[in-house]
């Protein structure tokens, strides 16, 4: 694959779109919009996976694409929407770092990701380099979202978006063995996490299961 | 099916059986029996020639850990059988606990035996999921809190590790075939020719990812609470086994990066993490009021020491690190048995509520006292040997870092002594129930002393075969 | 012989294990103590044999995971077996005599292990084995210090003790590491092949001083001694003071004179001399102020360890300045004082134990007049006291004479700064010796002379049998060693040759000499001279004076007569422990130990009594229990802020680590 | 033959020292009295006192132990032994090889300890007070003594008193600042050791200040005689010591024939007389100092001694 080829361009485009959606996630102020943006990102990821399956002639990746679409494009967003509705959560995103600064930090992280990948010699194929830079950016933005947003839902979505970055990296590498298994396993982890959020009915933040009981146990300060 | 997989699936089959067993008493026995079976299988595996086989491999590096891990698994199961009634489980939770225990043991063993880094990652993920559920099993707010923190932080950690794994493959991809891909053996073979910059990136993420699981500062925040809130046996296996598996994963990554002369030297990173862990833990130990959290912090310190040893590199320091991991697994689980049992007797795990154990419960009190001495690096236990080796190498190669490390260790030692005397000496605090009848009382103390005995044996009279294995392994890590 | 000694170590360790079930039996304790007493005898035999025979080495069939444990017996280690054996033998005998019925296992089981650890340290021929023995000795003695753990002060002592032990062990490991220089081979034979130079040598010495010094009680790492000794059972304190500190000095000597090689500069001895002098003065001064018999004796141990350290430092300096004969003189002083101190300090601690047993107190202010109730103990103690006060012709004087001779010759090293420093050290050594004499007078006078200060002291009972022999034996040895130091120096000759490559000036069996043709000390003629003079006085007095005495009441110095409920007189009418120490507390204590006195006078007309508050504090101990923990807690409190983080903030830490790592990689890639 | 002479000289020396001790004390007292304008007791009065005391039966406290009985003999014996070792009119006497300075200091310490213990035996407040002060002062005097000895030992190369005296007499050491400083230090030590003014007052029983007398308050009869005699001997031996080192002129050399002894004896008598005069003058001229000023007095002596040693290092370039 080289520049100018359709395979490459489309893969690159889809990867870029996933990254763009990460920025959209950071930009949104309302929970509902965040969930929708995440669904969009999941769908784009599924598309990227499907395209890679086609390009690499790896039928297993179709399964990954299907799972990604099913879980992240449809089911998890629906579950989160329901949760927001039923628990009557705040509809706005509370930020620890404002939207503007988050965006700037995000751009900085993308720059960092590129700088970190840059030293890779030309021996590694360009696609892989670009691909890894994109995926790394998505991962970092996901983490950024986790630590700069106060709402539980936003934080979970940050984690899920981080995981999207992983899958993006995995599908981009030609011949990656076990890619389906790994992506599935990662998905299981994420689903378990979402299930945890929903079961524990975590309303405000991931920190808080029941704020009242914490002081005695965790702090050990008397 | 090769024996490696037999062990893993033996445990998982045991998990299925245990999940279906309604009678808690029977389940404890079956649990111990399954663990005994695993231990025997691990011994049998030692007898077979070491080889790579599919996704798994047996080599000098992982077999000592498999042996120790199944041994600790067995003694923990025995301790668990003796004291489980103290945890006050209903039969559902008992089922969940036992099933999770065996799922964890299977996954843990698989993580150690895995040759394929992807399989290793999956195994560690399963182990994490199993332990999260075990930490939460008491369903108190604190337990939920601890489990949740554990879950989130380690979830992110292993996500990072997966990213590292993928990048690692990317680095080696032009040189690998689909069949051998992600195999550690194959990666080691081509490591020297891989793209160094990509390798660096991979190492960074593997170190941070598995380092989170190993509890290295600043990725450690989950560890103290997770160790303190689950049932007692879980603290023992978390500290004794899971940390080792994570550290072994770091070592596997380090050996690959280390094999490439153009990539970054992995040593300084490990040194930095190790030193940070020791220093922070040494200070944090002074602020603890909860006995189990105290020893959880001590685990952070010891992982830091091991990381420091591996960071130093070279056969001598690596041997020290391996010995330290093994010694820590044995001794720290003994400490958790002791302190957990004491907490059951006193009805509280606050240090202030436990006191004078040697006067009222000599076997337990002295066992705990000796175990804490052992964890503090007193002879003739294996941790003494490993710390001796580590410091005698470090003093010559990195004197200032060695002195800084020593400063941290002295601070930690003083804290350990203070707590040892607070728990074991002085005027006994009143018991609040928690007595065990007949054989259970004995069976709850035997694991402590057994571990200490083994630790002494490894410290000053290690079987030649094992010593040779570890020495070879120390050279493999590089 | 070495094989037999190695077996002895094994047997002692096994005895420790067997002692747990034995402790419950009536005769179990006697068996264990008797066996250790015999082991002490064996150690002395082993030491003498090792000095007479050549060196031998032995590789054990087990050891650390990377090689065998190595043992060796050479003259230096053989010499240190002598104080160890004598101390252990006497202490074992004392405990044997004092044991009636079952003893708590925690008091019995660590005892043989303690002894085994010390022997192993001395026999070790590689770093690991040495540390194994060293730390085993520390841990076992810690258990003994903590045996009466219901008392908070004992727990504090045990904590401090074990902390110092761990610190010391760590320093020694680092010293071995620096010495081995990365090769990681810590066998002594390999270490000797690569002697350190310059900064490395200084680093090794500093680490050894911190490591072995903290165990030996060299200032400023001496503070655990006065805490730990009173907490341990008497026979254990005797061995801790008499033998264990010597084992630490052995480690020091082994490093400085053997492993570091002979080609070291003279200034390497300077820190030893300086710290030795400081220990000597601090120890002796504290011995004058402490009010507990065992604490007093422990402080006196600090003083004597300081003197021995000075001897070692001088030997090091002389060797570096290529003055072998003087080096041998200083080393001889150190070795001889090691042996002498081991014997008389063991004796004195056993006396303190006997007094504790008989009069049920260690406090000077609760004793008194015991010479009437415990005459054998008193006279045996007097031998030890006189030796500790370095009075001729007892053993302490002989070795301190040698030390002073070495100090007086130290100007020959040449360097003007060294000369000035050593002149000051000479003054300090003399000060310490005289302070020790004052402390010993205070000890013996307050315990055995005067009137009983409590009814319990008045009703004290003396042990008979083995416990008494355990006092008489070292008392006799103190006299014998004092009269025949020449014999001991002859015996020490191979050890001196190993240390400094030369032998002490030969002066025959009945004398010791400063140098060829220099001053001599002849103990036996001196003893005869004094005896003759006393005999003359007796003869003259007998001839001229009437026999017999008139007995009357003691003059009450103007105090009112004691009321009838004070059958032994008014205790306040006798000098108290604090009162006896007052002159020195005012003269020296204020400067060195922060001693203070405050008088609170009631206003005129008030009926309140005037109060005199006096006290002192060892500055090192105050620092260890004051500012150091405060700094530690302050830093820990800062570190603890990490712990108050929420999960999100913890993730922030992870995130920060990732970003930092990536930035680092990017930077590394760019460069 | 030389052996016989040395033995004879030694015996003569012993007799001389034993006999001269009470006389010297008497002379000093007499001189002091004269200087203060009193007539003073006969110089032989101390000897008469001794004989009188010997004839009296001692009174002992009920709870006195064997220490009270034995200590006077030991103290007197130690003082005698020390006095025997300090050369007077001749060098190279039979006991010359024994006469080590540090040994002499040790023997004096032996006597001091015996006295302190005797003071504590009965358990009276004064006895303990005296013992405590005596041992404390000695602790401060000892370093000054040893530092002064350091200067001597550097110059003579040995601590043997006989050899030092010989070296100072035979080799032309000349006048040295160091020696002067050492002498001042030694003099201060001598004053302290002998319980003289300004450290202690040998003729006072004022309880606040006394040291030496406090310890022997309980002694009487023959015991008191022994204590007094030991004190006289100590004074004699210190003056003899100072004379032997700093005024070596006229001493009979080792192995010399008896005719030299006459010269030596005469010179010694003159020297001792001079020193006694000096001591008396010194004591008459100054007042007793407070007890807790003694450390400063002895500290100054120590510093002077140290200064002497250091000057020696510098001036002679002993490298």
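Each chain carries a letter (A, B, C and D) given by its place in the written order, and its residues are counted from 1.
The rule is short, and it goes like this: contacts are C-beta pairs under 8 Å (C-beta built on N, C-alpha and C of every residue); 3 or more make two chains touch, one makes a residue touch a chain.
Here is each chain with its UniProt name: A = Hydrogenase-4 component E; B = Oxidoreductase; C = Hydrogenase 4 subunit B; D = Formate hydrogenlyase.
Computed from a predicted structure; not experimentally measured.
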Q: Could you see whether A-C or B-C has the larger number of C-beta contact pairs?
A: B-C
**Q.** Farthest-lying chain, centroid of Cα atoms versus that of chain D (Formate hydrogenlyase)
**A.** A
Q: Could you give the separation in Å between the centres of chain B (Oxidoreductase) and chain D (Formate hydrogenlyase), each centre being the mean of its C-alpha atoms?
A: 76
(Q) For chain A (Hydrogenase-4 component E) versus chain C (Hydrogenase 4 subunit B), what separation do you get between their C-alpha means, in angstrom? (A) 67
Q. So, what's the distance in Å between the C-alpha centres of chain C (Hydrogenase 4 subunit B) and chain B (Oxidoreductase)?
A. 42
Q) Approximately how many whole Å separate the CA-defined centres of chain A (Hydrogenase-4 component E) and chain B (Oxidoreductase)? A) 31
Q | Interface hub residues of chain A (Hydrogenase-4 component E), defined as touching at least two other chains | A | 116, 118-119, 136, 143, 146, 206
Q) What are the residues of chain B (Oxidoreductase) that contact at least two other chains? A) 148, 152, 156, 160, 197, 200-201, 287
Q) So which stretches of chain C (Hydrogenase 4 subunit B) touch two or more other chains? A) 643, 647, 651, 654, 658, 662, 665, 668-669
Q) Which pairs of chains touch one another in this structure? A) A-B, A-C, B-C, C-D
Q: Spell out the part of chain D (Formate hydrogenlyase) that touches chain C (Hydrogenase 4 subunit B) in their complex, as residue ranges.
A: 51, 54-67, 69, 73-74, 76-78, 80-81, 84, 95, 97-98, 100-103, 106-107, 109-110, 112-113, 116-117, 120-129, 131-133, 135-147, 149-150, 153-154, 157-160, 163, 217-218, 221-222, 225-226, 291-292, 294-295, 302, 305-306, 309-310, 313-314, 318-319
Q: Would you tell me which residues of chain B (Oxidoreductase) are touching chain C (Hydrogenase 4 subunit B) in their complex?
A: 148-149, 152-153, 156-157, 160, 197, 200-201, 204-205, 207-208, 212, 218-219, 221-222, 224, 264, 269, 280, 283-284, 286-287, 316, 319, 323, 356, 358-359, 362, 366, 373, 376-380, 382, 384-385, 387-389, 391-397, 399, 402-403, 406, 409-411, 413-414, 417-418, 421, 425-427, 458-462, 466-467, 470-471
Q) Along chain C (Hydrogenase 4 subunit B), where are the residues that touch chain A (Hydrogenase-4 component E) in the complex? A) 643-644, 646-649, 651-652, 654-655, 658-659, 662-663, 665-666, 668-670
Q.
So in the complex, the part of chain A (Hydrogenase-4 component E) that touches chain C (Hydrogenase 4 subunit B) is made up of which residues?
A. 96, 109, 112-113, 115-116, 118-119, 136, 140, 143-144, 146-147, 150, 155, 205-207, 219, 221
Q. Quick one: in the complex, what on chain B (Oxidoreductase) touches chain A (Hydrogenase-4 component E)?
A. 116, 118-119, 121-122, 125, 129, 140-142, 144-145, 148, 151-152, 155-156, 158-160, 162-163, 165-167, 169-171, 173-174, 176-179, 181-182, 195-198, 200-201, 225, 229, 287-290, 293
